Amino acid sequence: MPPPSEFTLDLRRRARIGLDETVFCAGKSSAQIAAIVARFDRAGASALLTRLDPDKIEALPAAMRARLDYDAGSHTAIFGKPRRRPGRATGRVAVVSAGTSDQRVAREAARTLEYYGVGATEIADVGVAGLWRLIDRIDVIRRHRVVIVVAGMDAALPSVVGGLVSGVVIAVPTSVGYGVAAGGATALNAALASCAPGVTVVNIDNGYGAACAALRILGGARAT
Amino acid sequence: MPPPSEFTLDLRRRARIGLDETVFCAGKSSAQIAAIVARFDRAGASALLTRLDPDKIEALPAAMRARLDYDAGSHTAIFGKPRRRPGRATGRVAVVSAGTSDQRVAREAARTLEYYGVGATEIADVGVAGLWRLIDRIDVIRRHRVVIVVAGMDAALPSVVGGLVSGVVIAVPTSVGYGVAAGGATALNAALASCAPGVTVVNIDNGYGAACAALRILGGARAT
Amino acid sequence: MPPPSEFTLDLRRRARIGLDETVFCAGKSSAQIAAIVARFDRAGASALLTRLDPDKIEALPAAMRARLDYDAGSHTAIFGKPRRRPGRATGRVAVVSAGTSDQRVAREAARTLEYYGVGATEIADVGVAGLWRLIDRIDVIRRHRVVIVVAGMDAALPSVVGGLVSGVVIAVPTSVGYGVAAGGATALNAALASCAPGVTVVNIDNGYGAACAALRILGGARAT
Amino acid sequence: MPPPSEFTLDLRRRARIGLDETVFCAGKSSAQIAAIVARFDRAGASALLTRLDPDKIEALPAAMRARLDYDAGSHTAIFGKPRRRPGRATGRVAVVSAGTSDQRVAREAARTLEYYGVGATEIADVGVAGLWRLIDRIDVIRRHRVVIVVAGMDAALPSVVGGLVSGVVIAVPTSVGYGVAAGGATALNAALASCAPGVTVVNIDNGYGAACAALRILGGARAT
Amino acid sequence: MPPPSEFTLDLRRRARIGLDETVFCAGKSSAQIAAIVARFDRAGASALLTRLDPDKIEALPAAMRARLDYDAGSHTAIFGKPRRRPGRATGRVAVVSAGTSDQRVAREAARTLEYYGVGATEIADVGVAGLWRLIDRIDVIRRHRVVIVVAGMDAALPSVVGGLVSGVVIAVPTSVGYGVAAGGATALNAALASCAPGVTVVNIDNGYGAACAALRILGGARAT
Amino acid sequence: MPPPSEFTLDLRRRARIGLDETVFCAGKSSAQIAAIVARFDRAGASALLTRLDPDKIEALPAAMRARLDYDAGSHTAIFGKPRRRPGRATGRVAVVSAGTSDQRVAREAARTLEYYGVGATEIADVGVAGLWRLIDRIDVIRRHRVVIVVAGMDAALPSVVGGLVSGVVIAVPTSVGYGVAAGGATALNAALASCAPGVTVVNIDNGYGAACAALRILGGARAT
Amino acid sequence: MPPPSEFTLDLRRRARIGLDETVFCAGKSSAQIAAIVARFDRAGASALLTRLDPDKIEALPAAMRARLDYDAGSHTAIFGKPRRRPGRATGRVAVVSAGTSDQRVAREAARTLEYYGVGATEIADVGVAGLWRLIDRIDVIRRHRVVIVVAGMDAALPSVVGGLVSGVVIAVPTSVGYGVAAGGATALNAALASCAPGVTVVNIDNGYGAACAALRILGGARAT
Amino acid sequence: MPPPSEFTLDLRRRARIGLDETVFCAGKSSAQIAAIVARFDRAGASALLTRLDPDKIEALPAAMRARLDYDAGSHTAIFGKPRRRPGRATGRVAVVSAGTSDQRVAREAARTLEYYGVGATEIADVGVAGLWRLIDRIDVIRRHRVVIVVAGMDAALPSVVGGLVSGVVIAVPTSVGYGVAAGGATALNAALASCAPGVTVVNIDNGYGAACAALRILGGARAT
């Protein structure tokens, strides 16, 4: 598909809600992505790109590629300078994930926070099938004001974490699994039906959205 | 609906698979139930009745009602003598449930076992939102060869139990909950997608079926 | 159904996560509710009851009924003293709802907050079909740290609000509507797919859960 | 798949309902498409082709390709002369779309109208997450008799537009999005459950169908 | 449920989009309906009420009931004077329905049009299983600018009508049927997937919405 | 996947139900198909192969390929001699299809009949959007004892045909379409909910199954 | 709901397809049913009524009730004389059902056949869980030209029967069961996915439709 | 995707529940798989790998490949020594499958058992459409304590087997089939709704899970 002849960046969004417009790359061609990034460049704006597959980034112009900070583990890229260096904000958000396959989504959340200058504590491989891995780290997790919990399949982790910590718990169901789990609907519904009170949920695989929710809670990019 | 003019009891079932035919009362009128019980009576057979609402039992003939051992907590009745008194078989099956609303189903499992002379250890209110209630009793649970786990909503309990015990774990999802949970489909799918290996599952609210599976595992009614 | 012979209150929950155990009354008989409330009474604890239909409350013992603060608009009751009087916490949470039929759920959220001493600003009838009703009040809404948005049918309201405020937005889809809307699945999915970044979602009709999430964000009952 | 040995063009359709038969190319091979176009050619008829992927058009015979007016942005091609040049009909239909990814569908609607000599006003990137983009253009939109609204994900745009204009509003849900949105079912259901009265809906991604509905409203090809 | 202590009529809606706010009575108690009608009365406004069950209208105060023009066939009531008497607008809308059970929905559409002074031609019992009933009347149907087609079960009627007339075709799927048809989802999806181009669709059983769409097409209440 | 080391042909099936075992090739590799055909060869049996993609047949050994009568329009192949030459059985089954894309399935039915010596009358492109195409041929269709109706999308054709002929009507829903139609579920449900009495239905795209049902009706292969 | 002021009987249907119009009573009031039967009476026509609940028939005028041949086991009534007495047609259709709860649907099929003068052999309680009950009777079943198989839950019976008989097999899935089975969708899909070739299926609980299909196979009412 | 920089093997799992952690290879790249196997190697542990496609194993380092015992029929590999040689445990588990396409899943179960030193009796091609194939072998099947039944499409086999044997029956629904069967949901639901009491079910295509359940029943790896 050719680049759109015309499009409108919502550059006022930062002023309005404290969050920048983000480039969601799934379903866009390299040519379209290049055109959009060029627009950000002309506006002197930095940008976060999500769902950017490795093969697409290789098809971008070399000069543009050189200016993108790409992270293969999360399929995200940061164009221009992040909005703020992690520093004083670090330590307020934990990103906890259940299995190896959930890590792309967990890292998408961490990278989004990083773009806004919030460092995240990443805790992986603590699925409830080996409960003691979680129990061993629960004191570390409790120290964070916001806990993003990333889990697929049966998504039992948000309920367990939600019953152990008093801070904010945001569940990110993932599309990991097969059969009844594939697509993430079971993980989504399990998280929404959580028996632990006050757990909130975002769309399947939406690590980016969970990070944005955390930023709203921490006071937005303005407050960090 | 009038009683069926004719029906066939599968009285050979016990010889074939070690389990009696059971009367599933949901959707049957009191008149139909009375006719079926009378047939068991004429055959000199005992019978287990499940899903028998309190208002239906009150509409049965008084003489028949007097011969039914009804349990209001599980909506089950036993006609005639149970197949064997609980005794040596006790202690081999635990029925673990997550919340108060799951108890009707948990008791249906226990009563079915009782009908076959297998006593069950019932452990209630150990949902993972208050994880320590489960941890406090896990050593007791571990002593049982078969653990039936009854849970609705997000059904996180089978995964957690499945990761803590080496015995057999049979999950019974329940229709407890509302919104995405109502009907039990989320609990069912979460149990099937369990991250703990070797958990098996029966139909929603099917405490009876889980008990039958336990009986097959213990060697059937013949072996107890 | 008879009251359960035995059940366990999770009275340690407040210490653990800052929230009390709540009595979800849907699916419970008046006899069961009375037994549970009596247990709270013996423990000297106050309690919030949700989904308590008017006909059930009338079937409770008169003495117990006299000690329940029942709100017919939200189907909630408070037994004993609320945990704290609304006061300094007032003004930090707005509960915004789309239509008349969404008000039961919106009020459930407000009453839950009230139980924990957090006063909420309730803003009703601002569905996007008459957009100016929302625009007229957006400055008031913006002053709140947490905005709970209650909407059924197409649930367009969370997206619109999420694009206008920088604070926390928690969407509560409702089961209001018919045809494709009935049951709330469309509202739920629309809220999860919101084009406004950082909107989080709870289960259908779960005003209670949204309030609990707000309490976690505000620092829990301990912090208010 | 080989070209069908025999097929029947519905050349009487124009006389009957004022609309030509259209070639829906998805699922057809280049060979099949070429055979069908050749049939239109022999009948001296012009034709609109939709869902024609760029790789398929390159596989067509060069001579045929030269006679097709292909639009890569909408994946449509016009064979022969459009039925009428845009002119007096221009300005009566607006095609409004929410996001960049919705543009292929929006353009399919505009091209279909163009084939019948109706010029459309295209207004893109006015999703409700940045509401002011829509408010800025609502007076322009209001001047059109028919407004086709193209939106995926949560499809909040048709409700908002339907509450702001008195003209005809036709919603085209799109398959844009992921997780709960993927496939377009959420956008479809949200549009059908719209709280704005009198919004009608066509199938997911069916820009062509929305344009045909607009043509029926404007009086068909006969009336333009 | 008690009447809401406060609610806001959208009395500006007529000026904005040419349609009045309507009272959807399903899910509202007689007390709530009475309170809302009283509000319309105080504002000197007329109102259309839909989904008003016979037993609810009997529970309204006698004085109010006397001022309601109730139609038992459509479960609608008109309070105050309709906006305009049917007259010059008559004959521009046909309401065509497939079976006896679809008539409540068809009449809801006709009554909504009547409220706005548009008389409708009602043609019933022309389901495609007896095709000649439709063929016999197709010339009458063709004379109308807008054809509302009401059908449940397999909803084949909109496709057949859409292939026979050049005017506007609005399909209203109904919840008539059982098994795979129950709830109307099959009728809805069949109408959306119609092989006749340019058929638009509204929510299941939404005769009111189809009539509103017709009013938008005819130029709104202002234009009639 | 390697050919299975061992498999069992159900060569007694013909004696039992009058139908041969058929090779369903979807999901099987060319190597597996070759091994299975070789087994039929060794048993001296003929065989029908369905869902055999063109690329798979090209990967078969040349000698085997030469003995397969492949039909690219239906993706079927006949190995060995058909069971009987079409002749006296011809004219008893009509295969009627709605659109060009339904023809692969329609031809699968016709080829299956041909394998059993039953010639079919194929009537294509008679979808109800151009109703007169069907009316023009209905007298021809009526002469057949069994009418197989193949249609996707909204599948209105089986209802219309079922209301016009007194013979047997077997509906084959197809996966043709997109959006709500894709996958064929809407066509399937519409056919099952048909308002014409006595229409039966087979699985989506199952032209083979419809032909087998016709053979059972005609008296099986034994009777032809 | 009041009786419709006007409705059209399709009295020509018998001439066209050999089947009478039937009165489907679910969702109709006793007043509506009475009005429709009176119309048949005035036309001198007999009629079959299905889904007629016992409480509805008691609300009919006594004189009309006296002329209805009501069968409580199938919820059907025959008004006037059946079309033909069972006689020579007897023995050509078997109605085989799996469990006690499937009998209402099985009897609906048998009564529909009876209305057209076709006697059916009813064989009940042969669900596959006790396979030998079926094996014992398979020779009887094999003697029938058409076998209607009625089964709910997992609907394994149509596959087993379809693999054992060479005659026509029509599956009627029923809504019997709970959890994943409730509503009959699992039984429906299992029947459609049957591994036995040439099994056809009708809508859930549609005993009437299966009988109509059998009548088409046997040559319609004209041929019996 | 690059290998995860860090991951945690749950090497304590064997001690806790008697089962090793297993490498589920679907969705993992060859690089990731190689990194994980290397970790097992460094820990001196053996490992079972499932869902390992042939093309992925060819992309592994040759030295590693040489140490993997790969089985192309089940897509499993065993790294290091199996935990015990099959021997005394042989003969206690039967793996029964319905069709050729179910064999990959059946073999996955058998290989998992083999890894733990339990030999399985594999019985293939006994789908109920040719019932006598099953009856011929039922005495062999009955001799096993645990019967794993693998079936797709309508999954009638678990019900039939469950009614014939008194041992444990574990159903594994498979994704074999098309149309309503595709994905395995119909097979899953049919197995859960089985009319034979005490059948338990695992996730679609989960041969591994069924074997783990069998190991729990036999007493775990510790007991063999």
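For reference, chains read A, B, C, D, E, F, G and H in written order, and residue numbers begin at 1 within each chain.
In the analysis below, a contact is a pair of C-beta atoms (placed from the backbone, for glycine too) under 8 Å apart; a residue touches a chain by one contact, two chains touch by 3 or more.
Just so we're clear, the structure is a prediction, and the values are computed from it rather than from any experiment.
*Asks:* Touching both chain A and chain H, which chains are there?
*Replies:* Touching chain A as well as chain H, we find B.
*Asks:* Work out which chains are contact partners of both chain D and chain E.
*Replies:* C, F
*Asks:* If you match contact pairs by residue number, which of B-H, E-G or D-E shares over half of them with A-H?
*Replies:* The A-H interface is reproduced by E-G.
*Asks:* Could you classify the chain B-chain H contact as same or different, where same means more than half of all interface residue numbers appear on both copies?
*Replies:* same
*Asks:* If you average the CA coordinates per chain, which chain's centre is most distant from that of chain D?
*Replies:* B
*Asks:* Taking each chain's centre as the mean of its CA atoms, how far is chain A from chain G in angstrom?
*Replies:* Chain A and chain G have C-alpha centres separated by 56 Å.
*Asks:* Please compute the C-alpha centroid of chain C, do the same for chain E, then give the distance between them in whole Å.
*Replies:* A distance of 35 Å separates the two centres.
*Asks:* Note the residues in chain F that touch 2 or more other chains, in rising order.
*Replies:* Residues 13, 16, 129-130, 162-164, 179-181, 185, 188, 192-193, 196-197, 203.
*Asks:* For this structure, give each pair of chains that are touching.
*Replies:* Pairs satisfying the touch definition: A-B, A-C, A-D, A-H, B-C, B-G, B-H, C-D, C-E, D-E, D-F, E-F, E-G, F-G, F-H, G-H.
*Asks:* Applying the document's contact rule, which stretches of chain A touch chain B when the two form their complex?
*Replies:* Per the touch definition, chain A meets chain B at residues 98-99, 127-131, 153-156, 159-160, 162-164, 177, 179-181, 185-197.
*Asks:* Quick check on the complex: what are the chain H residues that touch chain A?
*Replies:* The touching residues are 1-2, 4-8, 10, 12-13, 16, 26-28, 32, 175, 184-185, 188, 203-206.
*Asks:* Provide the residue numbers of chain C that touch chain E in the complex, in ascending order.
*Replies:* 54, 72-73, 100-101, 103-104, 124-125, 129-130, 132-133, 176, 178-181
*Asks:* What residues on chain D touch chain E, complex-wise?
*Replies:* 16-19, 22, 162-170, 188, 192-193, 196-203, 208-217, 220, 222
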